[in-house]
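The following pair of complexes shares a single chain, chain A, combined with chain B in the former and chain C in the latter.
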Partner chain A sequence: MNQTSADLTALYVYCFTEADGSGPAHAEGLDGAEVASLEAKDLRAYAHWCEPRPYASEDADVVKRWVAEHHRVVSEVWRQADAVLPATFNTIVQGGEDGDASAHLENWLEQESPRLKDQLRLLAGRSEYGIQTFWDSASYEREIADTQRRLESERESNRPSSRGLAYLHQQRLKRGLHEQITSRARDLFKTCYEPVVRCSDRVRVEEAKSASSDSPALMNVSCLATSEQFRRLSVELEALETKEGVCVRVVGPFPPYSFV
Partner chain B sequence: MNIVGTDWESGPSSSSDAVVELLDRVLNRGVVLYADIVITLAGVPLVGLNLRAALGSIEAMARAVSAVAPTDSVRLDESAPRGSGDARSEGSADSEQDERDLGAERPNAAAFVAEEVRPWSR
Partner chain C sequence: MRVAIDEYDAKQGLLSLVLAIVDIIEEMLRLQALRRVDGGNLTDEEAERLGCALMDLEDALATLKADLGVTEAVQSIRESLDGAIRDLVRDLEQPALIA
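So, the complex of A and B:
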């Protein structure tokens, strides 16, 4: 379908910054759309004119491309501005009888100005990182095996005289083993979580997702940190890998998507 | 320690896990405008339910691929022609159809949709 300027009555919004900072002179957004900036109340929004309906596709490749294009615009702005508030995907402002989409967006910026400025001040110079820790499967299995050997030996030396008592004894041993593993997992989570809290301004705990069955996930968090905080955190996490046998994976830096 | 960068601007070459992390952030987080001025249908934000169904497929694909090849398995394909497979102009914003599609894609579609229709927050 051919698009005409008459169809482009809505604004797809990428992000917001302070108006006095620098920004990219030219940026291409979703499907090559030209990204423009719009200012109100000392704030600036980056957006492109689009049709007044959401971007939707069942094609995963199209979705991935859109997401990459959205992220690219936000990142380009973020590189030049001191702080950026990324908009969530498909934030599309529409026009109405009381004004076009740009008037609506300007009104919104004016109304939300104090809150947005506070957030921008808190985010200045900070980046988001995703941090996941996993149990190293080899050392995890060794630990389990050692425990089982010890329990087996204990069972041999205290073998009960009846089958019923033997069953109860075995159940008690299993329960003990489970509690030991759970307790270890809890301790390891605390050990991994503490340096993240210590070296970040904000932390958001996410659902832990295991990479594979033999590599259980201990922790999955997003944190907001300066480059200096992240440098210190990296040192601490590397020390944890050596000392505790955990595996740490870090993704980032991201613009602060999770902290707005 | 494995540190995965996010420099997708100059050419995507990230691991499947990193792609999923980016999708999660861009699609689910960030500043949300209230409903008066954003595109809505009967007060329900139309944040492209089809996108979420596609995301479910991406996550499943990424998990499957990462099981056999942990890095560089799923790439953001910026080289694809713009608009290829783009259903945006094909009226895919029909919410009922979206929900049916979603149900076919994801076993836990009901919970997923319920999460989607929560009111916009300020």
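So, the complex of A and C:
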């Protein structure tokens, strides 16, 4: 891999693949940099020559663009290779005692070859999918109203009239409602999580963030699956939407960023 | 990266943090009070006094937050703390990867 300028002494790395697989003949990286490949020990790294410092900007739009360009290169390689190990944004290799950046990267590939090959074998033919489930707002409101009605009718017979006891009574109802809704949400999480585990090789649970207060998030996971596993998962998720009053949002397929 | 901090913001931040902690203590007191009342350990009179005290405390806290203009900031700190605790519990309860 030839160095293009005296200032560009480091290598910005996008991803790694097996050397015998196919890959893009030409790819444009960050700020239009020309991405080239470097091979060692049956492994291939995709990288471009850069200055020996991280890409940094105070302009969030510039950083977003770089991340998108990084993702574009990884995706192009991933579409053609059987398996890809994506590198994190801003993975930069500098030269060392063993020579310039390309010699250093080659040595690292040789040293890490067994581990990288094992990981590539596990990822072969698999993609990452993101799955989020939300409590459908109508179903959530119905659940709240039903629980509230039930709790109130249970406690109606001993509703206190004095100020302090009435406050405690109201707090008890609130707490009961919170506990029952939380318990129902936990059950729904299990119901949504089980098919994901059944239909994928690996699952990573992320924090579930609600888009709105009337449609709380129940589950946010990333999973690694073959296209056949994902087809089965889609069928199960569709059934959940109709049966359980949840909304499912699926994104992907992506290169396996969460599983390397 | 430089972080600009002005004295007013710092005071509001500190106040919000203190009130968020008082908010949590108030919630714990309320839970404990309900447990004691439900456990039958208090007479009706004691429960009445406890209920009134908790209600007054809740009102006073709400007024204080509104007067100081930190209601939203306190809520935001509470949510951040909830998130941190949720992450901790999740890390303890389940492995990140399931083979």
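Simple rule for what comes next: the second predicted complex is superposed on the first by the 234 of 260 C-alpha atoms of A that agree within 3 Å, B and C clash if a C-alpha of one lies under 4 Å from a C-alpha of the other, contacts with A are read in each partner's own complex, and residues count from 1 in each chain.
One rule holds for everything that comes next: a residue touches a chain if its C-beta (ideal position, glycine included) is under 8 Å from a C-beta of that chain, and two chains touch if they have at least 3 such contacts.
Predicted model only: the values in this text are computed from it and were never measured.
In the superposed pair of complexes, A:Ser234 makes contact with chain B only, with no contact to chain C. Judged by the touch definition given at the top, the superposed model places A:Val205 against chain C, while chain B stays out of reach. Of the two partner chains placed around the shared chain by superposition, chain C is the only one that A:Arg175 touches, whereas chain B remains out of contact. Touch criterion not met for A:Arg150: it reaches neither chain B nor chain C. Touching more residues of chain A than its counterpart among chain B and chain C is B. Residue contacts after overlaying the shared chain place A:Lys64 against chain B, while chain C stays out of touching range.
Touch criterion not met for A:Arg121: it reaches neither chain B nor chain C.
Contacts of A:Gly164 after superposition on the shared chain: chain C is touched, whereas chain B is not.
58 are the residues of chain A that lie in the contact sets of both chain B and chain C, per the superposition on chain A. Listing the residues of chain C that touch chain A in their complex gives 1, 30-31, 33-34, 37-38, 44, 47-55, 83, 86-87, 90, 94, 96-99.
On the chain B side of its complex with chain A, the touching residues are 1-6, 8-9, 12, 17-19, 21-23, 25-34, 37-39, 46-51, 53-55, 57-58, 61, 66-67, 76-78, 80, 82-89, 92-93, 98, 101, 122. For chain A in complex with chain B, the residues that touch the partner chain are 1, 10, 13, 15-16, 31-32, 51-65, 67-72, 75-76, 85-94, 96, 101, 104-105, 107-108, 112, 128, 130, 211-212, 234, 237-238, 241, 247-254, 257-258, 260. Taken in their complex, chain A has these residues touching chain C: 58, 162-168, 171-172, 175, 197, 201-205, 207, 259.
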